[in-house]
Amino acid sequence: MSDVEPIRVGVLGARGRMGTEASRAVDGADDLELVAMVDEGDWLHSVADAGAQVVVDFTNPGAVMENLRWCIDQDIHVVVGTSGFTTERLDQVRAWLEPKPDLGVVVAPNFAIGAVLMMEFAARAARYFESVEVVEMHHPQKLDAPSGTALRTAQLIAAARAEAGLAKAPDATEEEMLGARGSDVEGVRVHSLRASGLVAHQEVLFGAAGETLTIRHDSFDRKSFMPGVLLAVREVVKRPGLTVGLGALLA
Amino acid sequence: MSDVEPIRVGVLGARGRMGTEASRAVDGADDLELVAMVDEGDWLHSVADAGAQVVVDFTNPGAVMENLRWCIDQDIHVVVGTSGFTTERLDQVRAWLEPKPDLGVVVAPNFAIGAVLMMEFAARAARYFESVEVVEMHHPQKLDAPSGTALRTAQLIAAARAEAGLAKAPDATEEEMLGARGSDVEGVRVHSLRASGLVAHQEVLFGAAGETLTIRHDSFDRKSFMPGVLLAVREVVKRPGLTVGLGALLA
Amino acid sequence: MSDVEPIRVGVLGARGRMGTEASRAVDGADDLELVAMVDEGDWLHSVADAGAQVVVDFTNPGAVMENLRWCIDQDIHVVVGTSGFTTERLDQVRAWLEPKPDLGVVVAPNFAIGAVLMMEFAARAARYFESVEVVEMHHPQKLDAPSGTALRTAQLIAAARAEAGLAKAPDATEEEMLGARGSDVEGVRVHSLRASGLVAHQEVLFGAAGETLTIRHDSFDRKSFMPGVLLAVREVVKRPGLTVGLGALLA
Amino acid sequence: MSDVEPIRVGVLGARGRMGTEASRAVDGADDLELVAMVDEGDWLHSVADAGAQVVVDFTNPGAVMENLRWCIDQDIHVVVGTSGFTTERLDQVRAWLEPKPDLGVVVAPNFAIGAVLMMEFAARAARYFESVEVVEMHHPQKLDAPSGTALRTAQLIAAARAEAGLAKAPDATEEEMLGARGSDVEGVRVHSLRASGLVAHQEVLFGAAGETLTIRHDSFDRKSFMPGVLLAVREVVKRPGLTVGLGALLA
């Protein structure tokens, strides 16, 4: 239907749940071609051998940095859905990309449009409320806590609070059982729940005198992420450098 | 402390719960002067006699239109917190204001900053989700259902959906017990809960394939409204015509 | 593995979502034998021809009563998961069963253990709170509103309130947009939300002076119903008469 | 109106928020007499001098054990609403009471009927779900985390799981930021949120394959606790030994 060559895509973590779904979605898109599916124990170089222009990484926090380094060395664009990206990791990716002015990496903690809006709204509301807490809830097979989406949300909120000149949220806690008040992500408390039956959920709670505002996102099905994954694949080849969050691609 | 004359304010519905709180807040503000407190059975003209420049109306849906007409006739600006404003009522107020180019009316269904952000976010998210429902929850002494905030939220959502070209939300209901699917506000379903223990709460639920996004506001205390009421009093004297929603005053 | 003959089971509505899952679950159980799968347009008598001892009905409110009458006529036990059972329908089933002292029918609005506990807790809490409202939320393909689970929950609550001598819940609503306050199920207000992304969810909200108690059940996957369906099939052959709700089988 | 002498009651922590409300409630009850109000810096012995038969303690986790020891020494019954009671503290109170066969102590982490039902329901549901997490949310002036109610709830759940022979809840977390997974109360994860606008709230989340069950209690007003406080004062004089939780007094 078009003279344009499809974008050649490889998937890492292709036998995992998100990787399986992503492979299927790429395979079903007219303008994309699935050229490699790689998982633990497979030969990573087969991605380069197959001529992949973009790699989609849904592996795990322990493997993703090595994958990224290798892809950037091979001049392959990367869309990363794997979680666990701290500020340090993002700085590392930026450093790796510096000598490669044409190469793009998109790191998105969450590909669901609802999650992207949740983060946008959280950043917007942050300046108006003296208190804020983040609660993320996931299935018990998840390896990292907090989730990448929760970390990213907390970082956005912390930045907005700093810009608005807000002081630390009030908290008179004197006697705390270890861990009760959650983890501290740049001054924002983040709590991670794990339970069977859950899929992927997050709540951001803002509080001021006499009122609270809550923004909640529920993902019930991995399918909800696929429109975002395909969008990122199409955009990463046009956007050199590091892009964090799907929001930047929507604006 | 200042050469500026304080703004002279009268409160209608001054013995009701919101009116009492508003009278106290006006009285406590250096740049405002509380000149009249009127309630059912009182002499409305005492407001004009006292030289009020702004009237704050926290009466009820049955009385508010008559009050508005009288204030506009008397060239008194009005801040309205009373609920029950349909599109027809707003059009009526605009018509009354037409011959008075210097007079301002602010109709705000909700003066809490969290509620204002909830409405802003709801309008922003509306275009991305095929489904949406509004649920408002209040104490059982409330006279009208849905609440003014819920009506306003639904109108904003309906306008955003229309602009984005969204079709009617999917709904296969064939057998409905009367009222089960809530009220229909310009195509958006709104549900009103009433229960002891509740104060004022609202939830907007957006849905798309595999995901939902929920925005919720909880007011636990009337005090949370007062910063917004005072802001409206200060702004209404500078803004001729009809302003709907506190959001316009914040932008 | 056992000398006991497996129970012979037919499924009505076998090509629907719940029917498909139920057929698979029956087929996978050692002590049950799937002997017939029937859907719209199929020959209902094939169920009797196949010698089914128990029929599982996941059809629709428009078809279920005729199916029930036919099964009872044929001396086949029935497990009904189809919704839409009013007090009148239940009385009708009881009347049909009267001349058949050995035949059992289980009508369960919900087969998930969480839903059964939600109903038990709602009935227990009902006597302590002057206010109560039920909100059920489902995918937009659902045909009836309120859901069978919500109807059953409201009936249980109404019965508990009556027994405790509670008056009508306080509600000062004077101006109501049609449907805003939901449907009235024996004095209990029930609200039905429909949105893409949702599966099957219900919340019961109790209120008293200064406090609320909320009981919520979320079904994310039809698989959560299957342990309950198989339990009902095994129990219905031993329980003559009408049994309403899975709770009775758990106690 | 009655020949019965009123019960003589002293309140410790009488100038705190709960103590103030409790003093008012005792003072307003016909069958109780408020004989002493003591707070930090006051002379504790004035309670004994005033002939108090029951002391109500709403002080703080740092002071309550010393108060309890003193009251027991003085043969004064105690109703404790102060939080921070671990299993060790309860054992200590039991030891102190051993030589006093007529003396009663009621330790209740929460006096709201809704909270008591929440705990009862949580204990009942615990055996049916492989996963459970507790989230408590309070105003930021609270000194301890988790709350006494959350600790008590987690202990009840842990006991019910042990009795049902449930294994540890599934949790594959490998990389955890310190505190993300909350505090560990006898194997149950408890998360404590603190935010302005909040009063006192708790959610218990149960999960199994494909479903979750959530029980939530919201206290919006200290008044909701007073019926429970008065009940405990009337009952403690008739119940020697240690009673934990208001539930025991309701059954």
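Every chain is named by a letter (A, B, C and D) in the order it is written, and numbering of its residues begins at 1.
Keep in mind that, in the parts below, contacts are C-beta pairs under 8 Å (C-beta built on N, C-alpha and C of every residue); 3 or more make two chains touch, one makes a residue touch a chain.
Model, not experiment: these values are computed from the prediction.
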item	value
Equivalent interface positions on chain A and chain D, same or different at half	same
More contacts between chains, B-C or C-D	B-C
Chain B and chain C, separation of their C-alpha mean positions in angstrom	41
Contacts with two or more other chains, residues of chain D listed in rising order	129, 197-198, 206, 208-212, 218, 220, 224
Partner chain D, residues of chain B touching it in the complex	197, 199, 218, 220, 224
Residues on chain C engaged by chain D in the complex (per definition of touch)	112-115, 117-118, 121, 124-125, 128-129, 206, 208-224
Chain A to chain D touching residues, read off their complex	61-62, 84, 129-133, 135, 137, 140-146, 169-185, 189-198, 205-212
